[in-house]
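In what follows, a structure is listed as structure tokens, so that the remarks can point back to it.
Order of writing sets the chain letters: A, B, C, D and E. Residues in each chain are counted from 1.
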Amino acid sequence: MLKLVRKKTRKVGAPPGTLVHIGEKKAERTKISIMDYDHADLHEKESGNVEDCIPLRDAPTVTWINVDGLHETETLRKLGEAYRLHPLVLEDILDTNQRPKTEDFEEYIYIVFKMLSFSEETNEVEAEQVSLVVGRNFVISFQEREGDVFDTVRDRIRNMKGKIRKMGANYLAYALLDKVVDQYFIVLEKLEDRIESLEEELISDPTPSTLRSIHMLKREMILLHKFVWPLREVVDTLQEGESPLIDKQTIRYFKDVYDHIIQVIDSIDTFRDMLTGVLDAYLSTTSNRMNEAMKVLTIIATIFIPLSFIAGIYGMNFRYMPELESRWGYFVVLFIMLAIGGLMVYYFKRKKWM
Amino acid sequence: MLKLVRKKTRKVGAPPGTLVHIGEKKAERTKISIMDYDHADLHEKESGNVEDCIPLRDAPTVTWINVDGLHETETLRKLGEAYRLHPLVLEDILDTNQRPKTEDFEEYIYIVFKMLSFSEETNEVEAEQVSLVVGRNFVISFQEREGDVFDTVRDRIRNMKGKIRKMGANYLAYALLDKVVDQYFIVLEKLEDRIESLEEELISDPTPSTLRSIHMLKREMILLHKFVWPLREVVDTLQEGESPLIDKQTIRYFKDVYDHIIQVIDSIDTFRDMLTGVLDAYLSTTSNRMNEAMKVLTIIATIFIPLSFIAGIYGMNFRYMPELESRWGYFVVLFIMLAIGGLMVYYFKRKKWM
Amino acid sequence: MLKLVRKKTRKVGAPPGTLVHIGEKKAERTKISIMDYDHADLHEKESGNVEDCIPLRDAPTVTWINVDGLHETETLRKLGEAYRLHPLVLEDILDTNQRPKTEDFEEYIYIVFKMLSFSEETNEVEAEQVSLVVGRNFVISFQEREGDVFDTVRDRIRNMKGKIRKMGANYLAYALLDKVVDQYFIVLEKLEDRIESLEEELISDPTPSTLRSIHMLKREMILLHKFVWPLREVVDTLQEGESPLIDKQTIRYFKDVYDHIIQVIDSIDTFRDMLTGVLDAYLSTTSNRMNEAMKVLTIIATIFIPLSFIAGIYGMNFRYMPELESRWGYFVVLFIMLAIGGLMVYYFKRKKWM
Amino acid sequence: MLKLVRKKTRKVGAPPGTLVHIGEKKAERTKISIMDYDHADLHEKESGNVEDCIPLRDAPTVTWINVDGLHETETLRKLGEAYRLHPLVLEDILDTNQRPKTEDFEEYIYIVFKMLSFSEETNEVEAEQVSLVVGRNFVISFQEREGDVFDTVRDRIRNMKGKIRKMGANYLAYALLDKVVDQYFIVLEKLEDRIESLEEELISDPTPSTLRSIHMLKREMILLHKFVWPLREVVDTLQEGESPLIDKQTIRYFKDVYDHIIQVIDSIDTFRDMLTGVLDAYLSTTSNRMNEAMKVLTIIATIFIPLSFIAGIYGMNFRYMPELESRWGYFVVLFIMLAIGGLMVYYFKRKKWM
Amino acid sequence: MLKLVRKKTRKVGAPPGTLVHIGEKKAERTKISIMDYDHADLHEKESGNVEDCIPLRDAPTVTWINVDGLHETETLRKLGEAYRLHPLVLEDILDTNQRPKTEDFEEYIYIVFKMLSFSEETNEVEAEQVSLVVGRNFVISFQEREGDVFDTVRDRIRNMKGKIRKMGANYLAYALLDKVVDQYFIVLEKLEDRIESLEEELISDPTPSTLRSIHMLKREMILLHKFVWPLREVVDTLQEGESPLIDKQTIRYFKDVYDHIIQVIDSIDTFRDMLTGVLDAYLSTTSNRMNEAMKVLTIIATIFIPLSFIAGIYGMNFRYMPELESRWGYFVVLFIMLAIGGLMVYYFKRKKWM
């Protein structure tokens, strides 16, 4: 289940800048993979170590360092030192509770956001924190665990597809961000399918578990909104192009990502409105049905309970009950019952209950 | 049914600028029709091809190229090349998931929005994406399928009605946009009719299907709002007149369209409020009726169940029941029953239930 | 009933600037009345024609042309030509669907808003569109039908009451607008009375028709809000005094009108909140009452149904039922019934249901 | 009960600037009391008349003229003339419908707001309009009736407590405003007490009157919000210090009042949220209880109604009913009843209803 | 329980600047502890008095004066005088009703906010007011009672951990604020745990007390929001770095705190949405269950009540009832009963109630 607040308790009390990993340990080992390229050449190193990264810092080629797994704080500290990251940035990278944000440290831009994926097993959305440090010639990406989302970007670099090899580090940052937002759309599609199937279920055959699923989905929407909404601001800041690290021709691409994020937020809000609508529809239908059942019950009970009472009276075993002896008593009582029943029916018809 | 997210999956993984048509294939063939005119002359070509369009790009006459059907990506690529469109613009034209927006590329303005129509068959609103590329001397319009909405504009050009022949490409863009917004009003009228008829139905004879229709309409309003709301911003940008492609005397016309869009949004929101109001009214009426039924049931049951119990007691067949032998037993019991019933009635009257 | 969208269909397809009257025809004939005055003189013409108006356009005196009835488009076209009105202005005057707005055309200001009145017959609010064209020396007012709202302004002009004769055309425009806003307060008073009487009705003796009236009122509030809300912006624009047509000393008066409009909007919103509150109160009271009834029903049924069942058992006519023959059977059974009843009462007392 | 709109009808039709008192007549006579002081001297006049005020206008000492009662329009007109007040200001002072606002007339500032008090008799909040006219050396305060709220300010002036005697007229205005806002806190405390006692009542022993009181309180919150909310803007304008009539050192004090008003608004909104919460809690508790009652009723009825039916069958008096003659008929039937009852109980246990 | 308004009554009437402690007396004695340090030296005094503080005011070392307990107004007055605090600041420090705010007095900045803690005993959040006065070389902190939250800061000063000893007074202020915000996260974790456990309880076994707890939590969220929301503005003002008292390098740290506060506010709002969601889920589940119960009851009652009535008829003891004498009467009646029952079942099946 998506969670908003992860245990931070062990951190409390430490001075700011202390490196503590806050979140679940999702990867076995911290894995560093390096891609170093320009228009002509490409050097790749699958599982490198921090020392491999240091000389690339000031090389004119574009360097992409991808770090999977955040719990080996010592490794990260070294990397941070080599690339001169502010202690608060390192702290934020390790704290997987971050709200999406971007900060401009002149030498580099720090961007943090959430990657979403839909787990087919649990039918739930999963979130993972991704941090990007974008410098003049390098991008460092931090993920909580190994994933295959960035593989298509890797392929494009390897195969020289698109213009990625011709552009700088900020275009690479765009490509990674774009990938993550594409991922959002896949999650949205799954959610829309799920909403529709639940909707149908609710109309045809509502069970308590349908209701619970809908409420779980609605809660998921609340959390997704919280995850995606601040990203809008992040990309807005990037597209304004105030940082010299973002080239003018890349801005148009960030604008495109911005439009996509707006669409994602719109969709999440709409889904939420829809789910509310579904529940309202369910409640008013239920209310309508109860009303129907109530009317039937009231009509039947109101007609037959008094009649049964009359029958009950003449079922009493008193010795002296003059009516019982009368020749026409039975028929008179039957007639009275019929009349009462008829009056009741007339009353209900007039009240428009029948 | 209106849908918010259309399958984008096949696109994911491709580099930005890859041309993939996202959406249903609504037209058999991509059809290009060309109108080229100035104050004096008019040249028309019903089903042209891309090659016909190229020489017109730099002609001083106003050229209107209308493209119906978006799935022949190769044709569109060629057209885009000829008119020097940015790859992201072509990508957006093909992706029918676009949120209405406008982008200024200096040489041309790109505008994308939704055309709405009301299908009498399904009683539902249908949406189609329309893209406009507005240059100095040309307008290219892209529709998902062939339609007759722009026919009146064509007639005005042919018959020299209004000032359309005397004005530039930006006035043509206004005329097309104005047409689409007029279309919105027709849809609104249909919806208002439908709301009113559902309202009456709900008051006179509510069936579960009435309720479902109302909820479907409410959901439609949510989606319509999402479709129209961003258009406000689009036209606001246009009317501010910052682009040199929009003539000063056309701005007043865009202002007019802007007012209309505000009215459309207002109406959609009001319809939504009304539908909520209708459902609230329905729920409170139902609740009132259930209360009535409940009261009747409670009164009847509370009066007669105890009396029936008394009758039940004297209907038992015990050999030794002294009351049964008594001369006045029957009448005493009848009197007691009457008294209990009377007391009950008095109690209910005091409680204001009767 | 107030309506938001009026049939515009017949208009669709015509080029912009085509004069078509959209709305009901509320007046028999278009009637033009003219008042031409300055500090010293006053010329009045009750039912003039367009030709009477033309020479007054450039006279130094203040000219007030009031037009009742909008369906004679030819008359209006002539008037518009004489006073050099933009075709879109004439179109807007005729389209009674306008959202209140103001537009500055340098030579004149165009203002359009709604006049409200409360019909005692139908107990409903009625809305009528009023357009003002305010020039340097003239005001043209357009109403959908003849009315007496502006009569007090006419009297003030005739009797030289207040400063109206000493001020320019913009003060006359203020006086007319002020009159219309005063009219709003009268409507608000009626509505407050109605809300209060409905409230009392709902508490003392709620009928389905009370509920319906409340919901109708709530819907009326939604529409009134839509009618009045944009007027705030209109008068705000006027009071900012950017147009040279508004004298500095008149601005203070427009500020006063602005305050009144804010008050009207505030009141409408408050009324809406109140009506929501009334309905909530009603629903929770109903729910409370049903709960009460339910409890009574449950208690009675739960106590007597099992007892009746016991009585039913000993009312069976089996030949061999040993208890029936017993000397004390009847009394034992009576005691058991008493015990069961007592236990039930105890149980309900403990559950706090009694 | 607080009212939003007071009858204005008699005013409608009069030209702007006409002095008509709108509101209830709350005081017998209009009473004018004058305090004239500087650091050294103090002159007081308890029930003065307009003539006493005139010479003080241009004296260097600080003059505080307090007017209780607004219905003697002639007196007010004279005072207004003496102090050169704009006709619209006098009109606003008399119209007790004002929304709190401030207007800068260069020579003086006009401030109007609501004074609140809690009536122990009716358990309701009462509102009264207070107007302040703040000049260089004078403050004129207008109240609807005589009150003792300003007495502590009078005492501070008399006893030279605090810095009031050392400061100018604008500090006096602050002191009066501060007094009124302090008054708000007293009302808030009363309301919080009332909310808490109603809350407890609703949990322990909800009566229809508890519900009605809560709804009345909620409505009161709506009105209080409307009364206090605009005051925030009023004091914000004053603390910005743009008027030369507000000394720089007094601004800090107006900031303090501003903070208090924010707190009052916050509290009112919180109270409203709380009351909504209380009602929601009540509704869900009621719903829970009805559910409980419903379950008990359903279980009892579902078990015993079929059993009673069986007993009813064997209570019929047909001559030929073979079972009745059988030796074990009675016991077999008893056993069948037991079995049916047991099955029902099992069914309900499985459905988790028991 | 968190309270919004604390009794201020005893204050009303006093001139501004009068020192009155508003709030509960939470500490036995006012305790002053002093830390005076620079990079090299540290002087500590655990329970000092005001006189100890005075000479430190203008020393170049950083001085931190912590005051626990606010009821000894005389001590505070002296301290305020020594450090030249504005009377309104002292008043605000003593009034524990403050809304979080910051005010820049040039020589020092005044910051007031709420410290939150979660009491394990009462399962409730507790709030305490903390005031900071931040000068060039000193920080004075005021707490309502002794607490251990600032102890880790003390340790960092003593042990020279982090950079606290190398930075100025404004970094100390940041460290204290950061501590308080860390505290918020601990409270949030507790609340999230509690929400989750209540959620489970509500699904598995809802009792009225579960409902009440959820409503209490929701109300707590309302109050927490009010406490934390204004703090966002406070820290925003500080991070803008307009005061010369905030060093440029500290601003980055205040930015960090700002991000944390945004996260806290986000979480509180999300919790509130979640609680609303939980209650909605509960209500719709309850409604679903009642519907189920209602259906069972209606089916059983509707089938058996008419059948019982028939049995009742033939249980009457009339002497002349021809059917009773008939040979097949009993079996015919049984068959009729079966037929009626079957028809009812068929009817309910068709209505989809079974």
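Following the convention adopted for this analysis, contacts are C-beta pairs under 8 Å (C-beta built on N, C-alpha and C of every residue); 3 or more make two chains touch, one makes a residue touch a chain.
In this text, all values refer to a predicted model and were calculated from it rather than measured experimentally.
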Based on which chains touch which, give the shortest step count from subunit B to subunit E. 2
So which chains count as neighbours of both subunit B and subunit D? C
Self-contact between copies subunit B and subunit C, residue sets same or different by half: different
Taking each chain's centre as its mean C-alpha position, how far apart are subunit D and subunit E in Å? 25
Centroid of subunit C to centroid of subunit E, CA atoms only: how many Å? 41
Touching two or more other chains - residue numbers and ranges from subunit B: 287, 289-290, 294, 297, 301, 305, 308, 312, 315-317, 321
Ring order, please: subunit A first, subunit B next, then the rest. A, B, C, D, E
Hey, which residues of subunit A end up touching subunit E in the complex? 3-5, 7-9, 11-13, 15-18, 86, 88, 97, 99, 101, 103, 206, 208, 211-212, 215, 218-219, 222-223, 226, 279, 282-283, 286-287, 289-290, 292-294, 296-297, 300-301, 304-305, 307-308, 311-312, 314-317, 321, 323-330, 333-334, 337
Once bound in the complex, which stretches of subunit C touch subunit D? 152, 156, 161-164, 175, 178, 182-183, 185-186, 188-189, 192, 203, 252-253, 255-256, 259, 262-263, 266-267, 270-271, 273-274, 277-278, 280-281, 284-285, 287-291, 294-295, 297-298, 301-302, 305-306, 308-309, 312-313, 315-321, 351, 353
